[in-house]
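What follows is a structure written as structure tokens; I'll ask about it next.
Note that the chains are named A, B, C and D in the order they appear, and that numbering of residues resets to 1 at the start of each chain.
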Amino acid sequence: MILDLISEWRFPDADKLLPRALATAPRVASLIARCRRAGVPIIYGNDNYGRWRSDLRQVVRSSLAGGGDGARITTMIGPRDDDYFVLKPKHSAFFGTPLDLLLQHLSVRRLLLAGVASDQCVMATAMDARMRDYEVVVVGDCVASQTVARNRRALEHFQIALAIHTTRASGIRLPRRRRSR
Amino acid sequence: MILDLISEWRFPDADKLLPRALATAPRVASLIARCRRAGVPIIYGNDNYGRWRSDLRQVVRSSLAGGGDGARITTMIGPRDDDYFVLKPKHSAFFGTPLDLLLQHLSVRRLLLAGVASDQCVMATAMDARMRDYEVVVVGDCVASQTVARNRRALEHFQIALAIHTTRASGIRLPRRRRSR
Amino acid sequence: MILDLISEWRFPDADKLLPRALATAPRVASLIARCRRAGVPIIYGNDNYGRWRSDLRQVVRSSLAGGGDGARITTMIGPRDDDYFVLKPKHSAFFGTPLDLLLQHLSVRRLLLAGVASDQCVMATAMDARMRDYEVVVVGDCVASQTVARNRRALEHFQIALAIHTTRASGIRLPRRRRSR
Amino acid sequence: MILDLISEWRFPDADKLLPRALATAPRVASLIARCRRAGVPIIYGNDNYGRWRSDLRQVVRSSLAGGGDGARITTMIGPRDDDYFVLKPKHSAFFGTPLDLLLQHLSVRRLLLAGVASDQCVMATAMDARMRDYEVVVVGDCVASQTVARNRRALEHFQIALAIHTTRASGIRLPRRRRSR
């Protein structure tokens, strides 16, 4: 699951978050490619920023139209037609969305989380996933926050307080065979 | 709120439901027009029929492409760009969707329900709206079910068991002034 | 699951509902006894009537203290220490309660519903259970509403609109072996 | 709202958490007393630890029966009959509980959080409260975690990542007049 990386980057702190997000994008792109080869479903979770009429295609278009590093990220990691998405009204990708039902539909039990911000939306989503008994892995080098210190603190929090693994992308094992739905 | 009237009509019982839905469509269209003039937000609630990647635009396109009475309904009552929509995974438009948050965002307290089927998705949505303390009106001549008898029984149920008004469209009073958001 | 049969019967319509509830109580008691022998968990779902500080024990005590037919029902079908309960703030026993989590904890997939009113709380609970993919049986002769006509209409609605079985208690098959948790 | 301070302290890490919880208890007790005088409702949120049949009274009894520092805390800060409680199946006091409905019923908009662990249940509850648009204050010297370092990191996280105030109890202003419900 890819959180909040497809964006116009027009929100408070976007200037701080964007360069750190850009730095993770190649690793996220590579993880997405591995998941696609393995038939692991990709789900994009995106803030709707109070624009209740939008959908992911519009967000992709605006992001590309915005140019710069935001468009660069979207080009690297953007969704394909067979990917899934949820537009989230609040921080957690579970709150006010069909994510739980979608994961049940896909028979998903393990959730790999990538994206931004590690100590905000990623954390809220990880905690909600845990309360719903999903196995959660925060991909350690595919998440970022506004500062390096905040990201480090978030990863420590995942490990120590929540007992959530923060494996790096290279350490993630995916299932061998493709499944389709 | 317009439930399940934009569709390809490819599900069990669609042949029974479609003619009855078509019969309500002119009244629904007229109510939508009145709401738009009054600045009352229109929300389309639609089954995703297990097609988790779709959005309302795709549903509209497929419905029009399907031709026949289904396309006729969509032409009459289809959404505009400034309308809202929720794709619902189950019967109730509240379940696994951001509807409650959207209604809070729009400061909506009264929900007018139109669409099909009166004794299935409309009823599930009405009951969920009531549990969330919304005032609910099922627009009596803008809902339908597979048979006339089932629709009549549903309307009786709304009135007697749930104390929900089933006013006809002509009896609905809308606020005078336009609001925007 | 037993809905709203343990009560002080102090609400609008209680005078109409109580005699019909009393009439079902011996059959409910007998079904409960069969379930206990089979190791099927019993869950009591009860309105909290805005008394947020109460729990089932208090409801049982008040019901017995109230005397009359209400106390008679509670004596016949009252909970034991190893039964479960949820206090529901609204009609559906799923709304604002841990019921879904409790059913997952108990590995329950099939829900037998008994109690009152068949066209209000029982129906809201049945619809919510269906949306959460539980198999639902409304026990046909263990539910009641304010009038015989309303109860009959509710049972028709379950069968025709919701495709929910309304088997009589004598037709319910329970698993043979006891399980414990 | 008081989280997980009434307990038998029989869970992993209880030995680490208990002394730190005990250290906060006098300040929590004093805050509770001030809230009672001001008519601010007290809500106890407690893990049900998989014991689905228990209620707060039983938890209080077991805690007192267990003796030691746990009983000492319960004596200092235990509930009165006019307090509220929610038994929470998971970390957040909102998940699978009627808390949101209770807060609406009480017309509460601001939530003061005290208890343990600051980086687990307190944090999950704070994040859920924020997503539901409550104003949240984590009372800085009335929360604790397994270690002083973890508690400090949690408070930093509240302030920096979540923009949640972590005012000390002495700095909390309460409304002057008593309200009753």
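One rule holds for everything that comes next: contacts are C-beta pairs under 8 Å (C-beta built on N, C-alpha and C of every residue); 3 or more make two chains touch, one makes a residue touch a chain.
Everything quoted here is computed from the prediction, not taken from an experiment.
Relative to chain D, the chain whose mean Cα position lies farthest away is B. Between the Cα centres of chain A and chain B there is a gap of 33 Å. Here the spacing of chain A and chain C, counted between their Cα centres, is 42 Å. Counting partner chains per residue, chain D shows two or more touched chains at residues 90. Because contacts link each chain to exactly two others and close back on themselves, their graph is best described as a ring.
Under the contact rule stated at the top, the pairs of chains that touch are A-B, A-D, B-C, C-D. Chain C makes touch with chain D in their complex at residues 48, 50, 52-53, 55-57, 81-85, 87, 89-90, 96-98, 100-102, 105.
Per the touch definition, chain A reaches chain D in the complex via residues 90-92, 95, 117, 119-120, 123-124, 127, 130-131, 145, 150, 153-154, 156-157, 160-162.
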